[in-house]
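The letters A, B, C, D and E name the chains in turn, as written, and every chain counts its residues from 1.
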């Protein structure tokens, strides 16, 4: 890192802001897209931002305890951290983030940071639905992490490095250099896993709104919820950026980043709009089935042949 | 601040051993922030109305079509929310029996302010066709501060949309403040409520 | 020197005159009686001392003519040795029987004296017909003495005994007369020198008859039902005589005849001895009667001794009387002699028929005696049986008789199974009535136990080159035991001081990887032990075994020879077993634990024996020179360590052992003791490296075992309801990672393993200590009974929180370092699928970790825990020491990574670069410090935002939740905790159906039903027993192939 | 039944085991080395005309001591086993007149004969055991003829104890004064074939005779009693 | 091979058969006694040399040619011991039977089977 601490903090702030706003807008756009598909107008695409302001504008809030209070902090810190460890735009100083601190595995494991904190916070609320939701979420998480991990391993074998920047660098020079084409099996496995990560249909049992009123955050409200919603945008972008970097050649400028993340997110939306919901054990079995086999094949193909 | 003990609620409905399980703080009134800030915030509040849809009566049937492509309530920033904690608008869907009133009070108190109540149909205004029933209440605003009444038996979804839009306008104009009203007249509301609900096994204010 | 004839003279003279002396009063008679026994013992003692000073074997002639024309006796080293114990035992036995002797007619005294004389005669005489006479004197005295207890049972048993004994002596007489007919004389030495004469068909049959008669006297399986009946029904004082004295005489006679036996017979006789050893122990499994159980054990030991007597003839080692016990057979003999007699005596004191009725845990003397005898019989150090087994197995391997190791191991395990089960059950059973101990009855077992302990220096030859410090664990335990009078906390402090001193003492001896292990054991031991100071309640045997465990753990990495290693290993096994046994419901888990541990120990022992066989030395370094036995040694050691690591398939001992041990001990088991298997693997791989068996590279196989252990351990942890079980399975899973990474045989792999093991010590220590603290307050280990404790026990919560973040490997805490190193190392090595599976296992870890923290601390507080206070400081302080350690190494991973990498570099070349705080490998990089900083940074921003608006936050109570517009009923119905991952169970729970537990249970069941089947040959009918003897003779005859 | 069948089979098999002993071993034609030595030197060494006695009392004296011990412990054992209070059986047929008078006539003769046998043990066939048995038979005869007669327990005890003790003392004397334990030559060998010859052999045999007689009487006496 | 030896072995086998098959305690003891007697016969028969005389020196037999004229004296000595010991064991067995009968009132061996397994 050639520049000073303050500069990098400023850069990180810019990077974070762009990502968050884009993430929220992306969510809004998707809502709009779905609404259009339904034949509705749908909410304005900046609706998520209004919601966040509204939630932070709430006059009262209650706290069930320290861990409950800190849960959203963990959550968004996890999102921010995850994002900051991923180089957002290849070759960009501003959007390079803090990827010097660790490699791919750091990112993969930092994802858990926020989830763990959130789960703890939700747990302290004392609401059984939170706990049920967390139990479901964690179970499903273990299942989709397996194909994802296999896919990552396959990529690491393929590129011989854990350094995300190097992986992106290796994909430069044409669309056919993308992992999507050089290692389609790994990409497929990871993309299926992504559906689980995004918790859209058919893997949305975790937040089943009527059965266990949106699961883990059922007791969260006001500015806690505001933080969580902010994180949803940011974290979404972090995941998309990771996938973009790993499978879709990364982004060399802001515009290609917008396009690619939009595209990747579109997949989730299409899948989510087309399928009904899995029960928890069904989704676990699903992820441990075909996607895992694809992941193993990917590892075998790259590693042993 | 007055005497601390007067700030506490008695929670007489609870057995002694359960009292520590519930918060005994009184609801408080809140002052708006600076003028422009509050205006901006009210704009956001008005454009993001999260509904707690409690299907207490037949009115709930009329709430559903709002979500369909035909009425599409989302375009006004309305969205259903499954938990009172996150919702800002309580839509009372019709007549209130004694049994549901208790739940409605509890849910209302669990919502975070600023919070609004929209009451649907004649039943909430004067009891409607159930006005002499042994089991329903006649005037909802004796028990909760109601911001908007929508008349009809039942009101059509269009009426609801009109009601919501009225509510939005009132919020933006800072004309409605049910939360503070409830806090100010808390003892009166509570006395009315307890008159109706005999088995009051909840704390006096459900945080 | 006193002529040994005087032994006969004394015995006979007083025996003959006792009826007359008795007229003067029973006290006088008894005086003469004990005086005679003492005199006899004194004579043998003199002889034994003389041989110790180098006296020569002496032949004693009678009747003024030389053998073979007259009967002669021989007093040699072996004779003196055996007689020393026989006459010592006789004296003790007589003391034990004091009460009976006082109340019975004078005949009992006479019979006792003639019995002793008979045994002495059997040992000394060199004339085969004279042997017959002495045998009859012994037997007839015994027959009569069995009648000391006059009830139908003991009479029936005695009658069966007479029938069997009569048959045996009939065959003996026939044999003797034919031996005489063929060789023309009766002198054993002459017959031996004219052995060829006996090699004719008739001669062999005559010899066979003689031998088979003594075999029957040795009670071979299955022709031994009568002996069992005697052991069971006779007065225990007499049973003790039968099991020790008489057996000693018979064994020695058999020993005398060995030179006569044709070589072709040896194998078959050894086999029959081994069969007796294995099958008697097998049959013992099902036995419920205490004395009959001892009977089975005696018979088994006799079988082993017989086999060993034949086996050791091939070792051609000269016996040195000064270290008489350096002879395997002698050590086995002494061990059995004292322990078995002691147990029979004990059984007489306790006087309960059923083994399960024994209970005396409030009488420390009895406990101590029982422990000494049982441990001696099982062959635990420092008792003679341990040394005997060690030498026997090493020698067997050395002389290329590996096959015989198998029955020895199986038999030993079976014997250990029922003896230790008995021990555990007895110690754990609450004593309801005082056992009355007559002073004269407790003296003999006490003396026997003392002798068992103090003959320890006799094993000096085994210990040549061994460092004294390997006995420090025992010493420390003894010191703490002697300090029993001190207040309990003081004793704990002393123990910690001892540990610290010991650490200071061994610090110069350790470097590199060893130092890391020593650090874990000593420092970890001290910190964790602090928690045990929480209560001032007296804890008998707690500190003793704790210090023994920790010190032996610390000694294992320091071992230079396999002997040192194995000794420390056994100390560790025993002390940890006893600690588990101390737990409230520790009986069953302790048994499972000790069975697996002993099995592992025997595997390791066999491996060392093989290594010794090939290299001829005990040094562990020589493992690297192995060639012929390399693969078997490798596999055996690996298996042994896998059992200790509770790898998949052999893990079933672990959950019970961890969770039933006392709460303060479990962190030591999980954090420290489990690591010893890691040390084992480091030793194994360090010396032997990679080995290939067929197409399998063994480390790869081990790696797979490791990763499956990690996976299944985690999965099983997910489904536990008991917090300690959960943590136990979690430890198993973590050990799996360590096995996996150490099997990588690369710099990064070993670094990973060591890094993980250090951090694992920290966080498992925290978790188990936190759990201990919680359990100490709320008194349950079921997670669903807890909940909402965060407000009551914030400090414990913080420590658990830090620990689970560290365990799960979430950055920025130190656990991530382990994961990162692991995956990097795995991918670097090309173990991709393993990496995938271990990632999955790591993900599953989240499930149980969240469940752990959620169901204890979060959710709803139960009404009955509303007044619970934070755990005592004794628990909190060590936890926060670990918290500090974890935070330190999370912030500055170099603190620990650099030394580990440097240590590992002595084994493997390093490919790791450092850039400030960044570790850079060929694959990736990690800067723990930066991650920590960034995490703290991004954590602060939203936190500040929330704190700005903290004023509007209303703090609420636990029932202020949205509960579908209702109010929660009770915390119990609101706390979601039981069967937390039900859907997970539904989805992949089938993977952890209790198949392995079922497998081991069915192994146990199978052995038990086998035992039940075999013991049905003992129908209780004297005639059937006689038939057994005839069948045995015919079968043995045909198998020996007498031609 | 099945047990009987097995018994039959295995007894027959055992007989087959023994068969070579009968078929392979030819009848003795020469003395073995030990007995040849006895035949050559036994008489001269020990001065006893009866070679068997030399072997029994001296050469294999330890066996004999053992043998005496066996008898001794048998009486002790029987006494020990039957240690409950016993009485003589009540219903007992009175002895016939012939038995009574025969007894009173034969008794001294038999005792005399017994004494003769053990005193001449070193010269003629017989010896302590045989003599003792003969004496015992006389006592048995006495007991049969007179139901009220039973031998004095004390006398038997003393007899047994003292004769046994003296036997042991003889052995020690041999050890101290002559070549070894139970060596008979600490007394003069005397003239071959005469009654006072063969050193201590007649003494020992007399002691054995007394002891055996006393013990056998004791055994029979005890076995003949019944429960109270 | 002499007829006495064969007779001895025959007795042993017969005694054994009796011991193994008779249920009555006294008969078992009897069987044992028969075995004993058989063994004694075998012992004596093994010392016998055809046409020789007893090893007692008298007018007819002088020590000088004894070696060629006497039978083996040792078996005779041994059998003496064996007989006495046999007697002792038999006596003890009988006492046992008496006591057993006293305690249980039965003389069948199959009634003494409570100790087993």
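Basically, a residue touches a chain if its C-beta (ideal position, glycine included) is under 8 Å from a C-beta of that chain, and two chains touch if they have at least 3 such contacts.
As the structure is a computational prediction, the values presented were derived from the model and not from experiment.
Peer 1: What chains, if any, are shared contacts of chain B and chain C?
Peer 2: Common neighbours, chain B/chain C: A.
Peer 1: Setting chain E aside and leaving every other chain in place, which groups of chains remain linked through touching?
Peer 2: one piece
Peer 1: In the touch network of chains, how many steps separate chain B from chain D on the shortest route?
Peer 2: When the steps are counted carefully, the minimum from chain B to chain D is 2.
Peer 1: Would you mind checking which chain's C-alpha centre is most distant from the centre of chain A?
Peer 2: When every chain centre is compared against chain A, the largest gap points to D.
Peer 1: Please find which chain has its CA centre nearest to the centre of all protein CA atoms in view.
Peer 2: Central by C-alpha mean position: chain C.
Peer 1: Let me spell it out: compute each chain's centre from its C-alpha atoms, then which one is farthest from chain E's centre?
Peer 2: The most remote chain is B.
Peer 1: Where the centres are mean C-alpha positions, what is the separation of chain C from chain D, in Å?
Peer 2: Each chain's C-alpha centroid was found; their separation is 55 Å.
Peer 1: For chain A and chain B, let me know how many angstrom lie between their CA-based centres, rounded off.
Peer 2: Centre separation, chain A to chain B: 36 Å.
Peer 1: Return the distance between the CA-based centres of chain A and chain D, expressed in whole Å.
Peer 2: A distance of 107 Å separates the two centres.
Peer 1: If you average the Cα atoms of chain D and of chain E to get two centres, how far apart are those centres in Å?
Peer 2: Measuring from centre to centre gives 15 Å for this pair.
Peer 1: Of all residues in chain D, which are in touch with two or more distinct other chains?
Peer 2: Within chain D, the residues that touch at least two other chains are 7, 11, 14, 18, 21, 25, 28, 32, 34-35, 38, 60, 63, 66-67, 70, 73-74, 77-78, 81.
Peer 1: Among the residues of chain A, which are close enough to touch at least two other chains?
Peer 2: 59-62, 213, 218-219, 222
Peer 1: Among the residues of chain B, which are close enough to touch at least two other chains?
Peer 2: Residues 23, 83, 85, 207 of chain B each touch two or more of the other chains.
Peer 1: Of all possible chain pairs, which ones touch?
Peer 2: A-B, A-C, B-C, C-D, C-E, D-E
Peer 1: Okay, in this complex, where on chain A does chain B touch?
Peer 2: Residues of chain A touching chain B: 31, 35, 38-44, 47, 50-51, 53-55, 57-62, 209-210, 213-214, 218-222, 225.
Peer 1: For chain B, which residues are in contact with chain A within the complex?
Peer 2: Chain B reaches chain A through residues 23, 30, 40-41, 44-45, 47-48, 50, 69, 72, 74-75, 77, 79, 82-83, 85-86, 88, 112-114, 179, 207.
Peer 1: Inside the complex, what are the residues of chain A that reach chain C?
Peer 2: Within the complex, chain A contacts chain C at residues 9, 59-67, 69-70, 72-74, 76-77, 80-81, 84-85, 98, 100-106, 109-110, 112-113, 116, 119-120, 123-128, 131-132, 134-136, 138-139, 141-143, 145-146, 149-150, 153-154, 156-157, 160-163, 213, 218-219, 222-224, 227, 279-282, 284-285, 288, 295-296, 299-300, 303-304.
Peer 1: Please output the residues of chain D touching chain C within their complex, sorted ascending.
Peer 2: 3, 6-7, 10-11, 13-14, 17-18, 20-21, 24-25, 28, 32-35, 37-38, 45, 58-63, 65-67, 69-70, 72-74, 76-81, 83-84, 157-158, 160-162, 164-165, 167-168, 171-172, 174-175, 178-185
Peer 1: Which residues of chain E touch chain D once you look at their complex with the stated criterion?
Peer 2: Counting only chain E, the residues touching chain D are 1-2, 5-6, 9, 12-13, 16-17, 20-21, 46-50, 54-58, 63, 66-67, 70, 72-74, 76-78, 80-81, 84-85, 87-88, 91-92, 94-96, 98-99, 102.
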